[in-house]
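Heads up, the next two complexes both have chain A, just with different partners, chain B and then chain C.
Up next, the complex of A and B:
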C-alpha cells in the first residue's frame, strides 16, 4: 500500500467517522450522557484502585502511579479503536445477519469499510479520561507525551488486529458473536490489572493466547524506561497480528453466505 | 458486446439441519447434520449493453444468490462470471466503481441522517469530482423528485420515498450497470409505477444496462426487454419479454362482486374459476377477448359492487412454463 493510498484512507476514515458522530448526535441527550457517563464510570474505577493501594501500597513493584499509567495507556488505546474502528467489533454480527453486503458493494477495502462503519461515542469519554490519568500519573514529561502517544497507537493497532481475528472466526463457526465478545472483554479485563500480578503460566498466557501484555505491560514499561527492544517487540507484534487478521478475514470472506434480513445503517 | 457473461455458474450452501425441540438442539451440538443446498445450479446467460434484463422467479429460486455473485458479494462455488470484462470475486473493488446496486431489503443510507449526508459521503468514497457530483446530484434530484426529502432523516421517509433515495445513491457515480434486487418489494401501486418510470428513463437516457430481479411479473412486463425465469436454481426461460408475455401472461384473473345474484355467466374467452352467489372469479384469455369488453358485459348484466383484476402469479407462470416444456 502506497503512502498516498494510506493518506486517502485516513482522510476517508475521518469523513465516515464524522457521519457516524452526526448520526449519534441526532439524539443529543443520549450523546452527552454516553460521553460523560464513561468519564464518571472510569473515575469510579480509579477511585477503587486508590483505596486499594492505600491499604496495599505495592504489588510486585507496582503502585498506584504505575496503575494510573496503565489505565492511561490502555484506556486511550482501546478508545482509539472504539472511536475509529468500532465496526470491527460488529464483524461477527454482520456476518451472521448478512450485513456485509453493503460494505462489499463499496469500492474500497472491505475490512476498512466495515471497521469504520461504526463509532462508539462513549469512547470519546474514555479517550479524554486516558489523557487526564496520564497527565496526573506522575509520569507526565515532554518526552513521555511522545512515547505515550506512540505506544498508545501501536497498542490500539494490536488490539484491533486481535478483535478482527476473533470476530472473523464467525465465518467458520457460525454464530460466534458471544464468544468473540467474551474474548474482547477478557482482553480488556486482563489489561486493566497491574500486570505484575500475573506470574508463571498466567504470564505466558498474557504474551500468547490472550496477548494482553502487549497492550498494557510492555507500553507501561516503555514509558517508565524507554528501550528499543520493547518498542521493536510491540511493532513486530502489531505487524504479525495485522497480517494474521487480514489472512483470517479475507480467507473467511470466501465462505460468506449473506442473507436476506432487512438491514439499515444506524 | 456482452456486458455480463455467466457460464455454468453454481453456488451451493451447506446448511445445518436441526430436529425441532430441545433434544434436537442438543443433538445438533454433538453431531451436526448438514444439508447441501444447490441455490444456483449451472446457469449460463449473457447481457448486452443497454439491455434491461428481468430476472424473475418465485421466492428461494436463486435470484438474490445470482445477483450477489454478479456484484462480488458471494464467491461462486464453480463456473465463470465476467461483468464489464472483470471477474467480480477477484476485482470486486474496481468493479464497484462501475456498477450500482440497490437491494430492496438492504439500505445503503444512514438511517438517522438525511439522504444528503449519505450522498456527500458516497461522493467521497467513489472519489467523484466535487462540482461534477453536485451537478449530477441536482439532475438526479429533479429526475426522482426527491428535492423535499433531502433534509429529512431516512427513518422518517416512506418506503417508496426511501427507495427513490436509494436508487439516487446508486446512480451518483454514473454506473454502467445497475443491479436492482426486488426494488419494488412492499411498495404500493403508485410508488411502484414511479420506480419503474425512473428506471426506464435512465435506461433510455444514459444507456445504462439494468439487471432487475423481482417476483412481480408486473415489473417485468413494464420494463424488461428480456426475461430470464429461474426456478430451483435453474433457468427455465430466457427470451424476449414479448415472447414471454405472449406465451405465459396470456390471461388475467378477474373477480367480480355483485349485489344481485350471478346467473348465466357466459362470455367468450372467460373461464369460471370459482363462483358463489354474489361473487365470481374468471380467468380471461386475453388473446380471445379483451378486459374492457368483459367489464362492459359485466356491468350490463349485473350490479357490480367491486372488481379485482390481477396478473397471473409467478407460481402460475412457472407451472405454465413447465407444462409447455413437457408437452413441447
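Up next, the complex of A and C:
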C-alpha cells in the first residue's frame, strides 16, 4: 500500500467516523449519558488502585502515579480502536451470520469497510478519561505529550491488528464469536494491572500469546524513560501484526460461504 | 383420609406444580448454557489468567512490605477469596438487566407479562440455570489454578455451610439489583451506563481484586454495609476464614438489602408495566 493510498484511507476514515459521531450526538442526552457514564466507570477502576496503594507502598518502583499513566495509555489506545475501527469487533459475528456480503460489494478494501462500519460512542468517554488521567499522572510534560500520543496510536494499531487476527480465525473454526470476545476482554483486562507484577512464564505470555505488553508495559516504559529500542520494538510489532492480520483475514475470506439471508443495507 | 390431610395434600400438589414450571425454566437455561461449553471454558481460562496475575501481584506486594499476613489474611487466603468472588461474579453474566432492557425496548415483554408465571421469578430461575453451569466450570478451573499457584487452605465444614448460606442470599441480592436496573428501562432510554457503574461498584467494593479485609479501616467499615460486598465477598470471606459474628453481621446486612430491593422491585414493576404500550406487528 503506497503512502498516498494510506493517507486517502485515513482521510476517509475520519470523514466516515465524523458522520457516525455526529449522528450519535443527535441524541444528545443519550450521548452525554454514555460519555459521562464511561468516565465514571473508569474513575471507579482507578479508585480501587487508589485504595490499594493507600494500603501498600510502591511495588518495585510502581505506584499510583504509574498506574494512572498506564490507564491513560491503555484507555486512549483502546478508545481509538473503539471510536474509529469498532467494526473489527464484529468480523466474527458477520462471518457466522453470513453478513459479510454487504461489505464485499463495496468499492473500498473489505477489511477497512468492515472496520469503519461501526463506532462505539461511549469510547469518547474513554478517550477523554485517558487524556485527563495522563494530565494528572505526574508525567505530563511537553516532551511526554508527543510520546504519549505516538505510543497511544501505535498501541491502538497493535490492538486493532490483534483483534482482526482473532476475529478472522472464525473463517476456520466456525462458531468462534465468544472465544474472540473473551480474548479481546482478556487482552484489555491484562493491560490494566501494575506491570511489575508480570514475571517468569506470565511475562513471556504477555509478550507472545496474549501480547498485552505492547499495549501497556512498553508504552509506559517509553513515557517514563524514552529509548529508541522500545520504540522500534513497538513499530516492528505493529508492522508484523498488521501483515499477519491482513494475511489471516484475506486468506480466510476465500473460505467464506455466504448465507441465504436477504437484507438491504441503507 | 380426613379433610385436613386432603387439604394439606392439595396444598402441596399445588405448590409442587407451581415450582415445577420454574424448575423447567431453570433446566432449559442450564441446558442452553451447557450447549456452549467451549465458551464456558474460555471464560474459565480468563479466570485462570486473572488468578495467576493476582498471585504474582500479592506475592510481590507481601514481599515488598516483608510480611506473611496482612489483616489476618495470608497470600493463599487472599487468592482463594478472589478466586471465589471472580468465579461467582463472572457466572452471573451476561447481565439480566440488559436482557430486560431488550425485552422492554423491543416490546417482546408482552409475551412474558401475560403468561402464568412471575416475571421476576422467570428471570431469577433463568439466571440460576446458567449460573449453575458457568459456576461449575469457573470454580473447577479456579480451584485447579489456586491449588497449583498457592496450594490448599483450611476450609471447615462450618465455613462451607455458612458460606453457602451467604452465597444463596448473595446471588439473590445480585439478581434483585440487576432486575431493578433492568426495570429502569421503563423510564430511561439507555441503562448501559448504570450497568457499567453497578459493575464497577462490585469491582471496587465487592472484593474482586482487593479483599475488603485488606481495605484501610475507614473504607472497610463503609464497604461492609453496602450491598456490593454482600453479593459474593461475604460468602468468600466466610469460606476462607469463618467468623461467627461476622457471619451474623453479613447475613443481617444481606436480609435488610434484600427486603429493601424486593419491595422496590415490586413497586417498580407495578408502576412500569402500566407504561407499556404494545403496538401490533
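Everything that follows uses one rule, which is that the second predicted complex is superposed on the first by the 255 of 266 C-alpha atoms of A that agree within 3 Å, B and C clash if a C-alpha of one lies under 4 Å from a C-alpha of the other, contacts with A are read in each partner's own complex, and residues count from 1 in each chain.
Note that a residue touches a chain if its C-beta (ideal position, glycine included) is under 8 Å from a C-beta of that chain, and two chains touch if they have at least 3 such contacts.
These figures come from a predicted structure and were not determined experimentally.
Engineer: After lining up the shared chain so the two structures overlap, which partner does A:105 touch, if you call chain B first and chain C second: first, second, both or neither?
Structural biologist: Touch partner of A:105: chain B, not chain C.
Engineer: Contact-wise, after the overlay, does A:22 reach chain B, chain C, both or neither (first, second, both, neither)?
Structural biologist: first
Engineer: In the overlay, answer first, second, both or neither for which of chain B and chain C A:254 touches.
Structural biologist: After superposing on A, A:254 lies in contact with chain B but is clear of chain C.
Engineer: Mind working out whether A:174 is in touch with chain B, chain C, both or neither, as first, second, both or neither?
Structural biologist: In the superposition, A:174 touches chain B alone.
Engineer: Could you look at A:93 and tell me whether it touches chain B, chain C, both or neither (first, second, both, neither)?
Structural biologist: neither
Engineer: Hey, what residues of chain A end up touching chain B and chain C alike?
Structural biologist: Touching chain B in the first complex and chain C in the second, no residue of chain A appears in both lists.
Engineer: So in the complex, which bits of chain A are touching chain C?
Structural biologist: 29-30, 33-34, 36-38, 40-41, 44-45, 47-48, 51-52, 54-60, 122, 175, 178-179, 182-183, 185-186, 189-190, 193-194, 196-199, 202, 205, 210
Engineer: Name, in rising order, each residue of chain A that touches chain B in their complex.
Structural biologist: For chain A paired with chain B, touching residues are 12, 15-16, 19, 22-23, 26-27, 99-102, 104-110, 174, 253-258, 260-266.
Engineer: Quick check on the complex: what are the chain C residues that touch chain A?
Structural biologist: Checking each residue of chain C against chain A gives 36, 38-39, 42-43, 45-46, 49-50, 52-53, 56-57, 60-61, 64-65, 70, 189-190, 192-194, 196-197, 199-201, 203-204, 209-210, 214-216, 219.
Engineer: Tell me, which parts of chain B touch chain A in their complex?
Structural biologist: For chain B paired with chain A, touching residues are 13, 16, 64-65, 68, 71-75, 92-94, 96-97, 101, 103, 105-113, 117-118, 121, 124-126, 153-155.
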